[in-house]
Amino acid sequence: MESQLFSLYILPEHLWGEKTAQAAIDFTNDTMVGSGPFKLAEYRQNQFVRLDTNQDYYGSVPKVDGAILQTYGNQDALVQALKTGEVDMITEMPNTAVAALRNDANIQLVVGAPLDPGVTDIIFNLVPPDQCPPDGKCTGHPALKDLTVRKALAHATDKQQLIDIVLLGLGTPGLTLIPDGLGVYYNNTLQDYAFDIATANKLLDDAGYKDVNGDGVRETPDGKAPLSFRLNWAGDMSSGPRIAELLSKTWGEIGIKVEMQGLDPDTLTSVCCPAFDYDIIIWGWGSDPDPAFLLSVMTTDEIPTGTSESGYSNPEYDELFAQQAVETDKEKRKELIWEMQAIALRDLPYIIPYYGQNVQAFRKDRFQGWITDSSKIALEDPSSLSLIEPVK
Amino acid sequence: MRNRRLINKVAWALFTICFVIVLNFFLFRILPGDPARAGIRDPRLTAEAQQAIRVRFGLDKPVINCFASINPPKPADCFVNPLDTQFFIYVGNLFRGEFGISYHSNQPVAQVLAERTWNTLLLIGVAQFLAIILGVALGVIAAWKLGTPVDYSALIFSLVAWSLPTFWLGIILLFWGSTNLGLPIGGMVTPGMNYASIWAQVIDVGRHMFLPTLTYTIVFLGEYMLIMRSSLIDVLSEDYVLTAKAKGLNSYQILKAHALRNAMLPMVTIIALNLGFTVAGAVQIETVFSWPGLGGAIYEAVGQRDYPMLQGAFLLLAVSVIVANLVADLLYTYLDPRVQLE
Amino acid sequence: MASPLVAVRNLRTLFPVGAHSVFRAPATFVHAVDDVTFDIDEGEALALVGESGCGKSTLALTLLGLERPTTGSIDFAGQEMTALKGSELKAARRNMQMIFQDPYESLNPLMRVGEIVAEPLIVHKLANARSDREARVRAALEAAGLKPPEVYLERYPYQLSGGQRQRVAIAAALVLEPRLLLADEPVSMLDVSIRAEIINLLAELKQTRKISILFITHDLGTVTAVADRIAVMYLGRIVELGRTADVLTQPRHPYTKALLSVTPAPNPRLRKERIILKGETPDPTRLPGGCRFAPRCPVAQPLCLASDPPLTALETGHTAACHFG
Amino acid sequence: MESSHPGGLTATMRNFSRNRMGMVGLAMLLLAIALAVFAPVIAPYDPAKPPRATIMDIYLPPSAEHPFGTDDAGQDVLTNFLYGARVSLMVGFFASFIAVAIGGVMGLSAGFIGGRTDNILMRFTDIMLVIPDLPLAVVIVALTKPSLWVIVLVIGLLGWTSTARLIRSQTLSVKQRRFVTRARAVGAGNFYIIRRHILPLVLPLLVVNTVLVISLAILNESTLSFLGLGDPTAPSWGQMLNFAFTRGAMSAGGWWALLAPGIGIVWVVLACTLIGQGLEQVLNPRLASHNLSSTKQMILRPPRTQSQHAPQAPDQA
């Protein structure tokens, strides 16, 4: 239930009550109606939002007169704006700027789990031929359907280096689609595949994937197809090319070749699912506070709908998913969900390189009282904004 | 003869606009990507909801008779009322000044574009004005002082300015100006300011405009200087200048009386034509300086796959280039007596 | 009597006026060559005389097949030229070569003399053997008076004088051993001192090689040395045609008389009073109804404005188109 | 009289070798090409097998180990700069080859055939000229699979209009010259006349144009890359700038990651412009001095008057 209610909002009856379905679709919703500590004073699209303090707020009235949320065209400018004092706080920034800001006496960095935890995932095309959807192409490389190959790839994935280079260390190694930001539902007892090129090579050797023709790329045991995979990522991920580049290097060390290409998100959707016209994709999910949705992504039922990206199909997993959906006991549900994560890590429809962290920063010489020790980092949240006060 | 020329030119401009409208419509339907799914990667969207979105944006209708969609090609009934196809609805809306509704902001595209266009015009207008004034002045000086160190410095400056990638110069100026001059980093106004006077507002916008305008001016200055310089040298090589010199006029008088006016002729057409090409620079500068203009809107719309916005911006640009071309052409006819005689 | 080498009958070449347009057909025409009839015999030189713009050059280009005649026929050595196309036309052209007015412009500045003279051979795929080709080029250069040919073979046109260039052009025309030379004002761009040389060269070629020549000029003074007959052209039409001596001594058309009166005579004592034509040449797109020379004619009568005089025979071989000739 | 040898590619090149500005440009371009060709020899690291980067390697300032510093992924900027020159120059050369080939054929046929063909081709060119290049390129690249070849193709396919106009007017003027009529009178066919008479006189102008189109193509590639529409697997200078820009080089203090590729682009574009200027002077010696100047000096033609938006003398319609 929680997961379903999450995306429902409380609507003011005096505006929406009388509307027909069609009128509701056409309603542009320009006037903000709410009961929070701030009121919308001015909105200029892609420029800024100006909030005034709601003096009639039922809780504790914020100590500031208002807040302005300004939009910048690029993250570099954002950091510069904080440095020069044009803004007092920034909600996002390139991780590369962290080192420079850390040395700035007037700036405080805040790093932690984001409000809506995100997952970056490496997706394998596993769709079984008999499950291929009617409008699917299902052209995935057969070798990827072999768990041994996926295990070898997992062993050849240096998650720490990915975190270091791509996130500048500001992330945690990933396990399955359920991010550590989901708290109790995150199974922290699982053992990940260690980064070990030798193990990966041995797995492939033992399974008969040998480099027959001596070109540095292994072939399938029947000697026909080289282990050369298409590797795509969403073009709007700035980290995509860097992840792909790092993967191609370590995977290259175990005789696996990738052809890299970033794709526009629309194009990626059209090759991904339910077409299954790909080998490996680097993409990402944003998470609800409840894990139900991300768990559903790996169920057989979702293969034809396009929600399942990997085409992973496992009756045991499906059964557990059905059980947790109706389980009302929180502790029992958690057990079921933990077990599902164990299965997902064992079967590897995804390699999860990392869970990202939120990096935010504020100027220490302007306002104080920001909430920096919460489990979720969100300086722009009204909870923080209503507490801060000017530095004397 | 002149009137027929005028009518011909206007007729051609109108034809080109029609062509651009058709191209503009079909381009976005030939290129891959389902507009209904653009920007939405939420699988929880039910088939009904997707259909509702299609209806809302008019994508449920066939693209044109016989084609439900063009890429991938899907056939449709050829005998529907042509006015009930996406193409003619689109054309009809254009005549009513409607450019559709933005997928991203849900606002009418025409409204968003109108606001954005003024911001861009302000930036481009001031920068072009400065670039022209400075470029012409520098070009005249260089041509006059041909072969001297003054000429050389102006030349090298102009050539380097011309070779600079616009966005690169913008980034460097952004960091230089914000660190050393304390200028604002982005946007057009300081949000939430209560201006004491109109002057305070002008100064605030001016401060925000300084760096983008500077970038823009430098990039175009070089080109104008080079054109003015060579155009003036061309004119000064004409025999009538020699005649004037023989009559005893000094250099200043010759420049003023003969050369400048004639040398400005190619400048006028180039300036008018250039206005159409300035947008390429605007896309880069507005992205670097977060300027809320048309160029920035195009960049955002590309990222958001906001087809109606892109279509609208594209049409606006093409039409303004066509009009600028027409104006330049007619201006040329008006200014150059030789053309009138034809 | 043997049939003439060239027989032109009622030839007309019209040019559409106005820019090409995708949508519109042109409405008006320039009558560049308008109903022209004449013959040239084997080994004969015919001079075509007239003011610039009267259609002389167009007539030459039409003979060559470079301009399509609107109506009329051109019989060249028994072949109807206007009916020929493609390779047949190309083959027929081999016997008909042209020399242009401006030796500075008519030679490609990037080609050596040897290449220029050899070009017709290459185009017609003749004398494909290198040695054969070189021999012919040398022979043509020598025939054109460029001796010894080795001196000139490797030169570029800009390294030659005007007279030398015109000789190169003549050599390039001779290399195919044509039966007819179309010489379009071959000396008008040359210094006076060189003109006689070139004209004498043409006369010599006519004599020794029995080449027929159509000698186009605006200057009656240059024709005597080479031309057997003279045709006077005015606004696209031949207004007088006759043997050189007849036309020069007994001009019958007022236009011919006017032309003759302004020609510097070799003997100053023979100088006559000059006839200066009044008015402008009419707009060739809007010709007057009657005699087209009438508006400028010093002896015009009302009849001239009403009817267009035909070309009428006066005595043997001398014809003129004038009501009062 | 005619003292100088007219036209011609060989002659143009010979005169060009005496043109100081053009030779400086040529030297600059040759240096860039040499760096690209000998990248494997000069580069301190192999980009295919770089030393394993760690978090400590990111945005290191220039040092003996990394003369140009390191980038956002801890890679050596100098190495990437040298190998990036290969990609950027290749894009420039191939794209301008496409543009000049199309523009040359269009201009030659329009000018040579004339009449309706000319009318239709030039009207088409006019339409292409008013369509804003960059936004169109942005849309096409964004909506197709981004690969280096798509980018080369798009830049090439949108960049031919100026060439077509230029070559058309040159063809028209060459076509009207008497030696072309003479060749026709001899019986030469169209193909022969184009090959033997028109092309040699159009070629020098085509070379000038090519050089300028190369510089525009390199600029355009960097702009597309900056807008995030480049091919990330083909690390051009534009791509390096894009990484530096999106991954916060300036705010992280890593200005060197932005400076090297930027200067590379300016260097090559400037080199091409100078060469173009030099050739232009050689072809247009009339511009050597004017009636008010006492000195004889080299004159520069603005690059874009000839190339990008040549002011069209209104044609008689």
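Which chain is which? They are A, B, C and D, in the order written, and residues in each are numbered from 1.
We take it that a residue touches a chain if its C-beta (ideal position, glycine included) is under 8 Å from a C-beta of that chain, and two chains touch if they have at least 3 such contacts.
These figures come from a predicted structure and were not determined experimentally.
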item: Partner chains that subunit B and subunit D have in common; value: A
item: Chain whose mean Cα position lies farthest from subunit D; value: C
item: Innermost chain, taking as reference the mean of every protein Cα atom displayed; value: D
item: Whole-Å gap between the CA centroids of subunit C and subunit D; value: 49
item: Where subunit A and subunit C are represented by their mean Cα positions, the distance between them in whole Å; value: 87
item: Subunit A-subunit B separation of Cα centroids, rounded to whole Å; value: 38
item: Rounded Å distance between subunit B and subunit C, as computed from the means of their C-alpha atoms; value: 57
item: Residues of subunit B touching at least two other chains; value: 32-33, 171, 174-175, 287, 299, 303
item: Residues of subunit D whose C-beta touches two or more other chains; value: 123, 142-144, 228, 245, 250, 316-317
item: Pairs of chains in contact (touch as defined earlier), listed by label; value: A-B, A-D, B-D, C-D
item: Touch list for subunit B against partner subunit A, complex; value: 32-34, 37-39, 41, 43-44, 52, 56, 105-107, 112, 171, 174-175, 178-179, 182, 184-188, 191-192, 286-292, 296-297, 299-300, 303, 305
item: Subunit A contact footprint on subunit D (complex, rising order); value: 52-55, 58-59, 72-74, 142-147, 228, 231-233, 243, 245-254
item: Subunit A - residues contacting subunit D, complex; value: 74-76, 78-80, 83, 93-101, 161, 164-165, 168-169, 235-236, 238, 240-242, 244-246, 260-264, 266-267
item: Residue ranges of subunit D in contact with subunit C within the complex; value: 2, 5-8, 114-116, 118-120, 123, 177-179, 181-189, 192, 196-197, 200-201, 315-317
item: Of all residues in subunit A, those that touch subunit B in their complex; value: 7, 25-26, 28, 41-42, 44-48, 50, 66, 68, 70-74, 76-77, 80-81, 84, 86, 236, 264-267, 269-270, 293, 302, 305-307
